[in-house]
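The structures considered in this document are given below.
Same chain, two partners: subunit A is paired with subunit B first, then with subunit C.
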Partner chain A sequence: MMNTKNTIIQKIKTIFCKIENYIKSPTKKGTAAFWLDDHQLIKAAKEMTDSGFSGFEAVSPFPLHGIDEAMNIPRSFIPWATFFLGLTGCAFGIWFTWWVAVVDWPLNIGGKPMWSFAAFIPIIFELTILFAALGSVALMFFINGLPSVNPPILDKDITSHKFAIFIPEEEIKGRGAELEQIFNKFGAIEVKQSEF
Partner chain B sequence: MAKRPILVLDNKDYKQVTEDVCSLVETVPGKNFFALLLASKSLLLYFIITMGLIAVYGMGLMGVNSPVGWGTDIVTFVFWIGIGHAGTLISAILFLFRQKWRTSIARTAEAMTVFAVMTAGIFPLLHTGRPWLAHWLLPYPNQRGPLWVNFRSPLIWDVFAVSTYALVSMTFWYVGLVPDLATVRDRAKNKVRKFIYGVLSMGWRGTARHWNHYEMVYMILAGLSTPLVLSVHSIVSFDFAVSQLPGWHTTIFPPYFVAGAVFSGFAMVVTLMSILRTVIPHFKHYVTVNHLELMNKIIMTTSLLVGYSYAAEFFIAWYSGHGVEQYAFINRAFGPYWWSYWIMVSCNVIIPQLFWFKKIRRNLIVMFIISIFVNIGMWFERFVITVTSLHRDFLPSSWGMFNFSAYDLGAIFGSFGLFFMLFLIYLRVFPSISMSEVKPVLKVGRDDEH
Partner chain C sequence: MINNNTKPEWIISSKAKNLFVSFMFIGVVAFGFTMITDSLRAWSSFLVSFFFFTSLALGGLFFVALQFLTNAGWSVNIRRYAEAMSSFLPWAFGLSIVFFLGAKNIYIWFDASNMIGDHALEGKISYLNPTSFFIRLVLFFSAWIVLQKWIMKITLADKAKDMYKKVVKPSVIFLIVFALSYSLFSVDLLMSLNPHWYSTIFGVYNFAGLFQSTLAFIILFVLYALKKSWIKGYVSENHLHDLGKLLFGFTTFWAYIAFSQFMLIWYANIPEETIYFLDRFNGEWIWVSIALLVFKFIVPFIALLPQWAKRNPSHLCAVSFLILFMQFIDVYWMVYPHYSKSVIKFSFAEVGIFLGFLGLFLYTSTKFLEKHSLIPKDDPFHDESTSHEVVY
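The block that comes next holds the complex of A and B.
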């Protein structure tokens, strides 16, 4: 009795492991350097970009002021998406109120015209906001690869008070010594091989 | 140039902020917390029983009748929706104005918004008398015709406004929470906690590219919430203003309602914050007296706006030269419901003027008492608008009075049980100060700022 129970538990565990491996976020091997001072990290990131490194990541517990310039990250394109999502919501609102009030369920209310646009503006406005807001958030999660299962964590303090730069193996291109020099120059407290 | 006041006291560093905020989530609450939770749960139970009886036996249990067809449910609905507005104001409008002091109170204010809107949402459904058919309010393909909703009705505008507001506020709140939930996840010592916060934080990694999109979306949400929050109370006011009733049919209603909402909402934030500062000692370093003073200034300003609206209504009634309109307003102040009008005026216009004095603006006990008065006053404002305009019908033979009953009382007080229970649970489950927003402003006002 006990044995069959254990084998069943074992089987369930293997199934879960398989699922987990399948949906787990992919990681890369590389080098990670840690800082306690965010300003030093930004300077180091700037120096790395200037000396031709790319494809590295800066990980921080809060948005760093000036990191986008230091790493040449372009301005987010999400506002454009928001604009078109808002337009979609607006167009849907106009079409839907028109279709309901004129085509599918025409009601004569006080002899007013079927297509009483002014009365539908609140609905159209709310739908515009709804589509734009929820759509933008969904898009942000999607392009950030969220939700992801068991994301790699460089250090348990990386979401609290530590800051890190992670550079994958293939981006180092044999310039490890140069990289080490940059990390040391800006006072990295720790440099280690890691997975992210 | 004037020096900026210090935002976070006690020279905190990043690590201390994390420890301070997470300690609430990671420790077992004390007896006081459970006492408060039990009290609010008992109130909630009272609310559930009241609602259950009203749903089973019908709306006749409440004070509404003919001609006063809108009563406690609508009054309390508008009251709670109004409370919610301050949260969005703090999190969105102050964000757009780059007001850095908002960072430490934004999370809790937004939570207040979400819970206030949830509480508010119950009332119109209860008011329909058949809450089990609430889904009929939404337009969806159905087998009743298909029978669609009437988009010309302000009540349907309200359904759209309030549900959009609820959804967008919750999303805004959650987006703000994600990085902080990741902090709690990374600090978790046991597997269950790691799993729960892992799911809630959706696998947040905090890379510069993540933050880049994240910050953009946060700003967009702030930009979208701002017109949204103004539209919500405007549309709530349309419920009244679009009808033809003297006392309701006025163009001042949308701005008047929005000002009143901000007024009552900030009062609720001050009430909650002064309690939090007393109950949780380290909150004092984040929510300083400066923060409270700034909020008291907003309360005073909006109090003047609300007072101006009361005066303008009277002026316009006189200026219209219309007897019925004039009667509606004179009856408000001197008719059978004179007491509710003067409670409203004293709580909303007279008492908040004490905030002209700096000592009072910075006194915790006094501001707590004033904020309670404001909350009472704002409930009565909606009572005055709703009930006094209805109880004198066009024909004197149809005049009547509102029959306030024990069930009305249960619905009002019980709803506070729901609100406070949600709020207490929130305090112990989610990081109640936005760590990822407070950390960048730690150095504001310190001498070593560069």
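The block that comes next holds the complex of A and C.
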């Protein structure tokens, strides 16, 4: 009796482990540097970009002004996606209200024409917003690999008062000494090998 | 970042002064000339320009009160332009008295005998009559002017440390007074042109146009001062970006309110209400109606949609001019079908009187800007505004 129960629990655990490994975000080995001052981090990121490093990550408990320029991150394509999703919603709304009111279930309302565009504008407008907003959020989740469980943790203080830059091993390209110099120049409090 | 060599001061060149005075002169000539030939047209045109510029002046004060109540830091360095616009209010008061003298030409309810015999109008006599109209005009303008002076007294005294505490009271009072009085003001001046017609959203419709055009005017002031490099280092494209976002938002708001008004009237299909749109969809007026939809909403909406559009001075300048022009056309569209059914009349009478008002408006507001430092340096939020940065 006891044995069968244990095996069942064991089996469930293995299944969960498999699921976890499947949705767990893949991590890379690399170097992490930590700061207590976000301005220093932005300066360090700028220096790194200027000396030819790329593909590194900045981790912060809150959004940093100017980090996009410092890390040379191009503008997201999401606004364009939102625009075209909105257009899709608008087109769908026009087609759908026409199909309902003219093709599938024509009703005479107050003697107005079947295809009374003014009455349908609120519906078309709402569908435009719905497609654009929900579509953008869904796309954002997708390109960020969300929802992910078990995110890699660089340091437990990274969500309260520490700021970090993480650079994967393959992006260092044997310029480790130069990197160390940049970290030290801007007063990193800690530099360590880590996984992110 | 701050350029200490140039003082942030508005300088009116003698050329500009002459231009404003000649505009005023053109206005007086146009008004006098039209009075002789067609007094109804003269007063209609006067009403369009008077309403347009009074709205701009009120919009300026509304902007100032709003910024104070929200404790906004970003707008401190551009606040003076809104304050300057509100300095037109005393002149608007004087012009409203002039307008009252001629109002009998355009409002049929000025003569109670026109109302008697019509059941719907008889009930409105107690509100729509010259005496209560005059009382309302005086009451509204004196309330606005008193509150304007009160707010200006606090914001212009730069040394005041507890300015943000003191200014809350008049700002709150102004916003409440403004919401009620401006609705009734637009009802009195524009809606009552056809005393039969009513629309419960009319006050909001006019407010939407007011704030849209006010933002466009503030942007033009800022762009001019930036071009002359009077405020270099204090105001950057980040401020333009925020103003542009507000302009974009209120362009959409105007369309939303305009459509709400149209759709409910169209849907209910009550003759008393639809007459307003029938007047504006018949004959040549349909083109003005379509132009409003296209150039007051669709074109500015698309033009302001991308991020760069709100940060590009010349682009923003063109959109602001378009919006101001369309706001003028909007007021014109509300007034003129009562003067000329199904035929568009737009010539020297309209342009000349508009220029007259424009001259006076620019004269008073630039005079205000010349008198006071463009940047409120002792404002507690001055540094926050100077280093203002917009990320998205």
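Note that the second predicted complex is superposed on the first by the 196 of 196 C-alpha atoms of A that agree within 3 Å, B and C clash if a C-alpha of one lies under 4 Å from a C-alpha of the other, contacts with A are read in each partner's own complex, and residues count from 1 in each chain.
Note that contacts are C-beta pairs under 8 Å (C-beta built on N, C-alpha and C of every residue); 3 or more make two chains touch, one makes a residue touch a chain.
As the structure is a computational prediction, the values presented were derived from the model and not from experiment.
Enquirer: Subunit B versus subunit C on the shared subunit A, clash or fit?
Expert: Pair status: clash.
Enquirer: Tell me which partner A:Ile158 touches in the superposition: subunit B (first), subunit C (second), both or neither.
Expert: first
Enquirer: Quick one: subunit B or subunit C, who's touching more of subunit A?
Expert: So, of the two partners, B touches more residues of subunit A.
Enquirer: Just checking: does A:Leu134 make contact with subunit B only, subunit C only, both, or neither of them? Give me first, second, both or neither.
Expert: A:Leu134 sits against subunit B, while subunit C stays out of touch.
Enquirer: Touching A:Gly174, do we find subunit B (first), subunit C (second), both, or neither?
Expert: Neither subunit B nor subunit C is touched by A:Gly174.
Enquirer: Figure out whether A:Gly52 sits in contact with subunit B (first) or subunit C (second), or with both, or with neither.
Expert: neither
Enquirer: So in the superposed three-chain picture, is A:Ala119 touching just subunit B, just subunit C, both, or none of them (first/second/both/neither)?
Expert: It touches subunit B and subunit C both.
Enquirer: Check the residue A:His65 against both partner chains and state whether it touches subunit B (first), subunit C (second), both, or neither.
Expert: A:His65 contacts both subunit B and subunit C.
Enquirer: In the superposed model, identify the part of subunit B that clashes with subunit C, out of 27-35, 153-161, 297-305 or 369-377.
Expert: 297-305
Enquirer: For subunit A, which residues lie in the overlap of the subunit B contacts and the subunit C contacts?
Expert: Dual-contact residues (subunit A): 63, 65, 68, 75, 79, 119, 122.
Enquirer: Enumerate the contact residues on subunit B facing subunit A in the complex.
Expert: The touching residues are 13-15, 18, 139, 145-152, 156-157, 160-161, 164, 167-168, 171-172, 175, 179, 182-183, 185-187, 198-199, 202-217, 220-221, 224-225, 227-228, 231, 235, 238, 435-437, 439-440.
Enquirer: Where on subunit A is subunit C touching in the complex?
Expert: Residue list for subunit A touching subunit C: 63, 65-66, 68, 75, 79, 83, 110, 118-119, 121-122.
Enquirer: Where on subunit C is subunit A touching in the complex?
Expert: Answer in residue numbers: 259, 262-263, 266-267, 269, 305, 307, 389, 391.
Enquirer: Touching residues of subunit A toward subunit B in the complex: what are they?
Expert: Its residues touching subunit B are 25, 45, 57-65, 67-68, 71, 73, 75-76, 78-79, 82, 96-97, 100-101, 104-105, 107, 109, 112, 116, 119-120, 122-123, 125-127, 129-130, 132-134, 136-137, 139-141, 143-153, 156-161.
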